[in-house]
Structures are given as structure tokens and as C-alpha cells.
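This report refers to the structure that appears directly beneath it.
Chain lettering (A, B, C and D) follows the sequence in which the chains are written, and residue indices restart at 1 in each chain.
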């Protein structure tokens, strides 16, 4: 089997799309390994993800040929090979459990990505994990009134490293609207609450004060609208009256890191398609 | 073993409470079967639940003797026998899955309660379940502008039936502040969302619009502040992009009925103590 | 939109199946609403489920035309309309929580099925639920040494009622090999443990003795090999040291009824395809 | 508040134990912060855990005084301070996700322990995580027929390091009966299945072959009876037909590491009491 390619697409729904797409791939001699689709009947939008073995066919020719179908249907689409890890830039502040977790998963090849750098507004000494190794670490503190300058440096790093994805791995700084817009569609954040509950700061303290019986975490795409971007993945754990805010923080770390890691994995496998303010997630 | 009694209490924390309470019970010849306590260190409040076998001792004498300890410590307390089912009044509107579920659980003795009546703002024909049997059914519709009158009739029923607990089993009417205050502390509601997310009407439609990946339900005590009463129990289930609001409603039914039934069971076993805006829940 | 049809199929994997199937449906003027497929790469088997709107096309003609494709690919397949509820026979013993639950779900149209009868080895008086209503109830006790005769009567009932599915809703009798073979592929059982743990009798007592921290239930197709049939759905709940076997039985009832109901729903929506000793389950 | 002490005890049940224990602590001037108890009515065994603030009292005197009560009741007991981390030895083979996880949790003070060494039957180069830092690493390979010798070296390490707990963090070697007996009561293992299902080797492959819909992990005390020791903690995750054994392995890593970490934390906080073949676990 040749290394699979992933076709992900969305367009206005109309009859015959599946037949057209799969017919094209069959005609190219490709073998479909995994295929999922979703009709959003309410919105009239169609979403599809196909993993296929290109066989003997030339990848570039398949892609070019598909371009004209995509044009005809007005598709938003991508067709990427899975054997080239994407370039990922990680941003972190003081709490590095998500960072440590992503670094380990990358190292054992659980999540295929090339980590092109780690940025923090805190110095390297503030990092607990020893997993950084040789990965370039950038200490970009935010001096008072210098937020714009710091964000410009992050942007420059995104450009230099040609990062395809930026992950806010508990990066506790609010991005400016410009920065959020700049990163839109290629930036995943982990919010330490089960959104839309407890937006904003100190969500576990809010959760404790409200007396909820479960706490959670939410991984979402970054948009200009803080804590309102399309949700990729969420999970929760039960808590009791005996859990102090500090114990919720402890339990929360486990939820945060697995929710963020899952969202990053799903994104890097082209399993997440944006559908307005929501997402379509094609799990295997 | 004699039928156990349940002592539930709360008071300002100070050293020696447990020793005093358990010492008293030991001196009466009672055997403790189950005991739980919780110190809310932040609030300085102490909570305790003790299930004990009174042995040969006279229940009334135990209770009287305990009264002076309770007085000394300024306790809020109850000491009830578990062999007398509480009197419960159920309120329902059109969707009767929670009602059907509670009726069945009562019937197989899973939840010990005497259902003294079912009230609905819809006629009996609107009820799907056949489980009502001989339970008195009261159709109390709400004519325009006559809400106060209808609530007065419910209050009269609560008095007549000497109901100790009122359960809003998907009763889709907003109680007046007076009614909520009247029922405060003895009324449990099921809200079909994971509070504090999606308060108010049509929560599953709200959840769908926001694109969350889990939906839930919340059982809470009724207070004047709508959807803000102390939470007793919550649970969630995963949903996907493919779940329409209607499918969320379907999945939600299962969550709602098990969350409400659990809350009612916990309450009737004196396992729920109110701690300001929150609850302490002593599970076995 | 016309009432959708469901095509479910499996065959040896080879390139071009999806294109062929979806091409055929497109050519008939059908619009695909939902489609899922699975390649079992290890076994070389392909599975597919397609829900489609037949539009103006004649259902019988679509089916006939598909027959020749199916023949060509050696497919096992069905193409059924979803607006005709299947005929279902329910078997129960003493514990009727699953029965009560299925009857309620059918009544509120959550599970589309026509319940053609309820069979029990206990008399009608042993049934707790009041949900039976007008559904024919058959008391088929098992006199010593008369098991074969009783099973023959059940078989006769299956024939008379033309039942398409038999559900063992906590039917606590072990079927003979002949009976199991007779019902094979059209009979779902609920086992009150998380298989393969705790096969056989009194699984909650076994679970308590082993000291597990979670209990579960398993819905599976009936085969001659007791407790070994292909698993359709499973779920679990946490338990603690404080849970007696009786409390496990109580908690288990909730798991059993929701696991069985989900399995029945999945089966009746043609979402379950058998893959040797396992199943492929296409959830929406 | 002085650093709390933890009293954990078990004995044959009889009336008045709680009063006696709490009365003694009150008389010493200690303030109880957290207390839990459990009566195993079937076995006639009583279990209790008390966290208390010793206040101005002398810890050694409290302990000595308690000794005579313990003697009187025939208690198995411990009374330890929580501000001295226990000495822990970690054993690992090729898969180091549990090791990496425990090292990180220790480093951020989530689990209070002093890691006195890491032992592996593979060389240090086989370890993926960079978290080892300065922790002594011992490569103790098992040459053919030299298992007894290798185990003797581990025993020597346990003695030298005065390890109070040994954690088998995916140590893929079967301990000899002698070694298991030697470590009994102070050794925790993670088994990568939901016991008692899929004992023995390659449990995820077994699970895949059986077609289960959930996979899990089990942390248990090591006893001579392989995979049969008292269970401390278990958890599961759903899987589908599309999960290959390799994907189950991936999902399993997350379950394994959180189940093992939780078991280690519970043990180190004296929250786990052995009750024959089972455990009593007092969560906060």
C-alpha cells in the first residue's frame, strides 16, 4: 500500500456528490480505505473526508484532476499526504502539563507533527517538564503596554517556522483581535471549563462557587470572539462537594491535556471541518 | 437489626463534634452502620450524616436526647427513620419520561416513596405512560392570567396531601417567586441542560447551535432564582455534529430521567445537605 | 422528501465498490442523506450503510436494479424502508425493567417497532410494569423436563406473529442450542455483566466478590455459544466498596435497560452488521 | 494548621469504635478534617480513615496512646504524617508512558513521593521520556535462566533504597511467586485490560478479537496470584469496530496512565485499605 492521502471537502449539498468524488478516485485507480460524509440538512451543506490509497497513480495528477471537480461544485477542500508531519508551534505560560503531554505524544509518534518551536511569556526556567530537548524555546515576555510588539514577534515566528498549526497549550494571554484573526483556522486553544459554562478567568473557582458536580475542558479553534470559537472536543469528570478549587485544578489537568491532545490529533489527521460556528468531526 | 435511623446535621465547625455525636450514639447503645462527614474549611461549616441501628433503644428518647446536643452546637438537623416512605407529589407537563421512570422505580421499590398525587397542566390523555394506575391525577391547566390561581391550587394540594417533597418532573412552567419560596428546600427540578450552560428555554436547541460535543441534565433544588438553585446531581453524554436538536432531545431523555431519579433517591435517603448555594452529597 | 430507504451491505473488499454503489443510486435519482463504510483491512471485508431519499424513483425498481450489482460483488445486503416498523417479540422473566423501558420507548415513538407479543415463563401477575396495555401476553412456563416443548411454543409464536426480531429482555432461561440456532441473527440478549467478565449466573455477585470498581452490561446477538455472540453495545458505571451485590443489581438495572434499548434501536435502524464474531456498528 | 496526620485502620466490627477513636483524638486536642468509615456488614469488618490536625499535641504521644486502643480492638493500623513523601521505586519495560506520566506528576507535586530509582529490563536508551533527570536508573536485564538473579537484584535495590512502594509501570515481566510474595501489599501493577476480562498477554489484541465496545485498565496490588490481586482502580473508554488493535493500544495508553497514577495517589494518601481479595477506597 502507498502512503494514504486524505481528501477533505465541504460544499453546498446537491445530489450525486459522493458518486462523483468516489467515481473520480476509482477511475484514477485509487482504493478508498476510509470515507465519511455528513449532510447538514438544516444548512444545506455537505462535508466529506476520504482516506485513499493512491496506488500507482501520481499524487499531483490526482490533485490537479480533482481541482476541476472542486471548482464545479464550489468546494472548500484539501488533499494532503499523511506521511509528512505538519509543522506546529506551541504556546504556553506557567502551567505546562499540556505542553509536556504533547511533547511526549509527539516523541512516541502518537501524534505525527514536527514541533518547530515553543513560545512562552515566562522564561525557560519556569517550565517543569524536561521534554523540551532540542526544540527551540522562545521567551517572549509581555512588558506593560508592549503586547502588540510581543504578538508581532510571535507572528514573525509563525512566518519563519512556516508553522501550519499554532496550539495554545494553556497560554494564559488574551490574544488581540488582530492576532486572533491572523491565526484563525490554524490555531487551537484549550479552555479549562466545559464551555459555554464559566467563560473567562479562573473557571475552576467559578465552577466551585456554583457547586457543579462535573468539571470539564473544551478545545476549540481560535476566533476573534474569545471562548466562542468552533468547539472541536470536550470532556468532563465528576467532582464532589469535597473538591476544593485546588483539587478541581488537579483533576482538570488530566481533562485538559487529553482533550487538547485529541483535538490536535483530529486536526492533524484532517478530521475536523468547520461548519460555521460549529465543527464536523469525522472520527475513525 | 432494627430499622436504621438517619441523622443528618450541619453546624459551624469546631473541634470535637464527631466525638460528641458518635459518643452520644454509642452511649445510647446504637451501632453506627454508615457515617460520613465533611468540613467545609473555607466556610467553616461542618456536615455529617450517620445511619445507625438504634438497637433496643427508644427512638423518641434518642431524638430528644440529641436535641440538647444540637442546641448546644447550633445544628440544623433531622433524625428520621428509613422505614417510613416520604410523601411525594409529582408535577409534569407534556413530556412524561421522567414521570414514567419515577413511577416504575417506586413500583419496584427502588425508590422508597409514597406518591400522593400527580399534577399536570395538561389533561390525563396527554400522559403517555400507563404507570399512573390508581395514583390521584390532578389536571390543573393554566388559563391566561390565572397562574396565581393555579399555583394556589397546587399549594392546597401540597397541604392536603401533606407532601414532604415536590418533584418537577419536566414541569415546563416557570414558578412564581412566591411559589418557589413556598416550596424552597422541598422541591427538586430537572433542568435539561448541563447548568450553568444553556439556561432558559429550548436548551438542546441552544446546545446544537453552539456546537457542543456533550449534552447534560441538572437536578437542583428549586429556589426563587430560576435555574440557580443548589445542584444535587448532573450527568452528560457525548453528542456529535450528526445529532440534530431532535436527536439531542432523544438522548437527553435518558440523561434527564436518570439524573432526576438519582437526585430524588439521594434526597429521600437524607444524603443531600444544603451548603449555601451548593450541596453536600453523601453517597454510600 | 420521500421516506428514506436504508441499504446495508457487506462483501469482500475490492476497489471501486463505493463508486459503484453511489453511482448507481445517483443514476436512479436518489439523494444520499447518510453514508458510512468500513474496510476491515485485516479480514479483507467491506461494510457499508447508506440512507437515501429515493425521490421520484420506484422503490421496487431500485431494489431490483441493485440486486444485480449485489450479485456481481457477492454482497450480503438488505434495502429496507424506514417507515414500516419491524415486528418484535419480547421475552422476559421476573425482572421487567428492560421490558418496561422498551414498552415506554415504543409508546413515545423513540424506537420504531411493532410489539407483537410478550412471552414470559412467569404469569402476568409477576409483571410489575403497567405498560403492557393490549399487547398479547403469553405465559409459557417451563415444567420440569418440558423445556423443548416450551421452546417449540415460542417458535410457533415467532412464526405466527412473523416476528422479525426477538428480544431477550432479561429472559433468565438458557436457550437450547437448537433454539439459539433457530433465532440466530434475529435475536438480541442483554447480559448483566461487562462481557467477557463474569459469564454465567449471578454476575453482580461475581463482580462484588472480585471487587471490581465498575460494573456493566452487554447486548449481543444470540448464537449457540452462550454469552459469546457478537457484541452490539456495552456500557459501565463505577461502583465502590460500599456497593453490596444488591446495590450493584440496582445500579445495573439502569445500565441494562439503556444498553439493551440502544442495541435494539441500532438493530432496527439497520446500523449493525455482523462481521464474524464481531459487529460493525454505524452510528449516526 | 499543623501538617495533618492520617490514621487508617481496620478491625472486626463492634459497637462504639467510631466514638472511641474520635473521642481519643478529641481528648488529645486534635481536630478531625476528614473522616470516612465503612462497615462490611457481610464480613463483619470495620474500616476507617481519619485525617486530623494534631494541633499543639505531640505526634509521637498521639501515636503511642492510640497503640493501646488499637491493641484492645485488634486493629491493623497506621498513623502517618502527610508531609513526608514516601520512597517509591518504579519498574518499567519498553513502554514508558506510565513512567513518563508518574515522573511529571511527581515533578509538579501532584503526587507526593520521592522517586528513589527506576529499574528496567531494557537499557536507558530504550526510554523515550526525557523526564528521568537525575533519578538513578538501573538496567537489570533478564538473561535466559537468570530471572531469579535479576529479581534478587531488584530486592537488593528495594532494601538499599528503603522503598516503601514499588510500582510496576508497564513492567512486562511476570514476577516469580517469591518476588510477588516479597512485594505483597507494597506493590502496585497496571494491567492493560478491564480485569477480569483478558488476563494474560496482549489484552488489546484479545479485546479486538472478541469485539468488545469498551477497553479498560486495572490497577491492583500485586499478589502471588497473577492478575488476581485486590483491585484499586479501573477505568474504560469506548472503542468501535474501526479501532484496530494498534488504535486500542493508543487509546489504552491514556487509560493506563491515568488509572495507575490515580491508584498510586490513593495509596500514598493512605486511602486504600485491603479487605481480603478486595479493597476499600476512601476518596475525598
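Note that in this section a contact is a pair of C-beta atoms (placed from the backbone, for glycine too) under 8 Å apart; a residue touches a chain by one contact, two chains touch by 3 or more.
Each chain and its UniProt protein: A, B, C, D = Formyltetrahydrofolate deformylase.
This is a predicted model, so every value here is computed, not measured.
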Margin query: Once the contact rule is applied, which chains count as partners of both chain C and chain D?
Written below: A, B
Next item on the list: Could you pull out the chain whose C-alpha mean position is farthest off from that of chain D?
Entry: C
Margin query: Tell me which has more C-beta contacts between its two chains, A-C or A-B.
Written below: A-B
Check: If you average the CA atoms of chain A and of chain C, how far apart do the two points sit, in angstrom?
Finding: 37
Notebook entry, point to check: For chain A and chain B, what's the span in angstrom between their mean Cα positions?
Noted result: 41
Item checked: Residues of chain C whose C-beta touches two or more other chains -> 34, 38, 41, 240, 242
Next item on the list: Counting only chain pairs that touch, give me the topology of the graph as line, ring, star, complete or other.
Entry: complete
Check: Once bound in the complex, which stretches of chain B touch chain C?
Finding: 34, 97, 100, 104, 107-108, 110, 128-133, 240, 242-243, 247, 250, 253-254, 258, 284
Next item on the list: Mind listing the chain B positions that touch chain A in their complex?
Entry: 38, 40-42, 194-198, 209-214, 216, 230-236, 240-242, 244, 275, 277-281
Item checked: Sites on chain D touched by chain B in the complex -> 15-16, 18-20, 22-23, 25-27, 29-39, 41
